[in-house]
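Take a look at the structure set out below.
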Amino acid sequence: MNKGRLEAFSDGVIAIIVTIMVLEMKAPEGTSWQIIKPLMPKFISYMLSFLFVAIYWVNHHHLLHTVKKVKSSIMWANMNLLFWLSLIPFATAWMGENHFEKVTVVAYAVLALLCGLSFNILQSTICKHYSDNDLLVAVGKGRWRSITAVVLYVLAIPTALFINTIAACSMFLVVSIIWLIPDKHIEEVLDNE
Amino acid sequence: MNKGRLEAFSDGVIAIIVTIMVLEMKAPEGTSWQIIKPLMPKFISYMLSFLFVAIYWVNHHHLLHTVKKVKSSIMWANMNLLFWLSLIPFATAWMGENHFEKVTVVAYAVLALLCGLSFNILQSTICKHYSDNDLLVAVGKGRWRSITAVVLYVLAIPTALFINTIAACSMFLVVSIIWLIPDKHIEEVLDNE
Amino acid sequence: MNKGRLEAFSDGVIAIIVTIMVLEMKAPEGTSWQIIKPLMPKFISYMLSFLFVAIYWVNHHHLLHTVKKVKSSIMWANMNLLFWLSLIPFATAWMGENHFEKVTVVAYAVLALLCGLSFNILQSTICKHYSDNDLLVAVGKGRWRSITAVVLYVLAIPTALFINTIAACSMFLVVSIIWLIPDKHIEEVLDNE
Amino acid sequence: MNKGRLEAFSDGVIAIIVTIMVLEMKAPEGTSWQIIKPLMPKFISYMLSFLFVAIYWVNHHHLLHTVKKVKSSIMWANMNLLFWLSLIPFATAWMGENHFEKVTVVAYAVLALLCGLSFNILQSTICKHYSDNDLLVAVGKGRWRSITAVVLYVLAIPTALFINTIAACSMFLVVSIIWLIPDKHIEEVLDNE
């Protein structure tokens, strides 16, 4: 009950983040291909970020499910995560507006990395308080995902800078696909509840 | 209890979708008829989409009511629906901005179709897990609606392309009216609960 | 429990309506009085509308509190109210943008009237289903308020057209003040619960 | 249960306030340093305000936690707080847009002061109704914070006007840091619950 508001507030912020990104795609006056074409990178950028934020929501859902009582430290670790997530619409629009130019992809990777680190901090903060929780153990077993994500985001930065922006964006996609694989440990615990 | 956040998040996203559409109608400086007139197609477009999204919310409400435990597959089927719904404000604005031009109506029909298919996928995903649920059986009996909707959206595409955009928009309205007819099966189950 | 989502969705929509109005006040580049001055009517318009929507939220809160089971008819009466409320940011911005010009004040009065009528429809729809409810009886006793509001909004239309826009806006304020007077009947019932 | 909607509505409004601020940072077309540089004051302004609103949310959470039944007076004191908080995105954008110019910093300080006073009013309104509540006593013990905040915001006004805007902004930061120190009294009560 105590954690209801923390979840509600996070849900609100994440729902808004996901939805305002679409506002960046201004509806053009005109319907010719030439007018629609510049919207394409923005659309791809939007899809990438929708998936990115959706994954955070699903994991946030699993993680907070393990919490029984909200401590101030959990609140602030959560706020920290929400702050970095709230910058995603900006990074998305910037990348889309400039057709995935090198600097914008690097900025996106840095931001994704900061989001990943913040999620790891939130995980650690929660783990410190609740070590005897089945779901939490399952979340812990799936922790290689959030660590792999961080590693891949770190690698995406030099990749975008020195090799290729498409390669870097593919690494973002790989991270998303890793997260989309259903986590058997978590599913099991949720089923037995 | 477990599904509370799924509902809250969906409510948040749908509430934002419905409300940001109104932002597309910029308040004009001036009050003459000539200045207000171009707002009319945008307003009609907004009304159409408000009704469209409102119907999804009501049906989403009935459908999720049947769910007892949230599985990852349900979460992602729901995310998929929310993604396509989140593009409605863009399609609405584009159609309103260009006075219901052919291409924009086709785009709207395609998007409506994708939303309809996503809703059907969500229904199937939920049906797979809960087959012994009275309300779900009632929702199943009303499934001809969501199938009719998909069929009419498919037909609206060639109609807009080769016949008439007003005829295509009328088909959108017909779908909405079908959904507005109270569903006796669902009402009964909800009453007996 | 069943009504939780209806409340959550309404809360979401009303929260967004209230908050996006502030987006109409674009932060100007510059700090001189001449640059800030044109913001004044927008600010007054915002304050008026914040109060207007806040009153609707408080009354919606009391009214929905009386509902035990959500029927489709209540859902749609609620959607109808939310639709007209969602146009308030547009009417607010238009009135502020054009310094409370006659036509814009009339438009605001018409919209306020439609919101008032929709609230009355929602009240009637709920009364039809629950006639044995203490709180509902109390809400019913306070119904002279929502009827007075409708009457005053009707009168505000010719007032703005033929007499004076300031007089019409004052009538909006009078309605708000009437609603701000605490309702003893409702307070009593809520206390005894 | 009764207070659920008050919390949900407040959560919605605060979530939107926090998130729409980021919309003020328009993604620029171009990636050169000269194009990104003017975004810096906006970004700092955003960080400052995110922290500001986040602190209000955490304290609002603790304070409302103490409420058992919602009275109309609490509802309106809460609405008053939300109104002033809703102006934060405007003040933030104005300050960022004009590179922390004197008048904009003063305006921010005045608004912060009004938010602080509104929070104190909400505290007093709640205290009047519930004097036998452990958490409320703990909140009361931490009241020196909200009073210090108000005092510092008052002092920030002449500081910005006659001394230095950076000094004034530092005072905003000091207030934030004071609030970030974990409150032992509240933590204890929440632990023992």
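In this document, chain identifiers A, B, C and D correspond to the written order of the chains, with residue numbering beginning at 1 in each.
Assume a residue touches a chain if its C-beta (ideal position, glycine included) is under 8 Å from a C-beta of that chain, and two chains touch if they have at least 3 such contacts.
This structure is a prediction, so every number in the text was calculated from the model and none was measured.
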Copies chain B and chain C touch via same or different residues, half shared test: different
Chain whose mean Cα position lies farthest from chain B: D
Chain centre separation in whole Å, for chain D relative to chain B (CA means): 37
Distance between the centres, which are taken as Cα means, of chain D and chain C, whole angstrom: 26
Residues within chain D bordering two or more other chains: 4, 8, 12, 15-16, 20, 23
Partner chain D, residues of chain C touching it in the complex: 4, 7-8, 11-12, 14-16, 18-20, 22-23, 25-31, 47, 50, 54, 57-58, 61, 64-65, 180, 182-183, 186-187, 190-191, 193
Complex contacts: residues of chain A adjacent to chain D: 2, 4-6, 8-9, 12-13, 15-17, 20, 23-24, 69-73, 75-76, 79, 82-83, 86-87, 89-90, 93-94, 96-98, 101-104
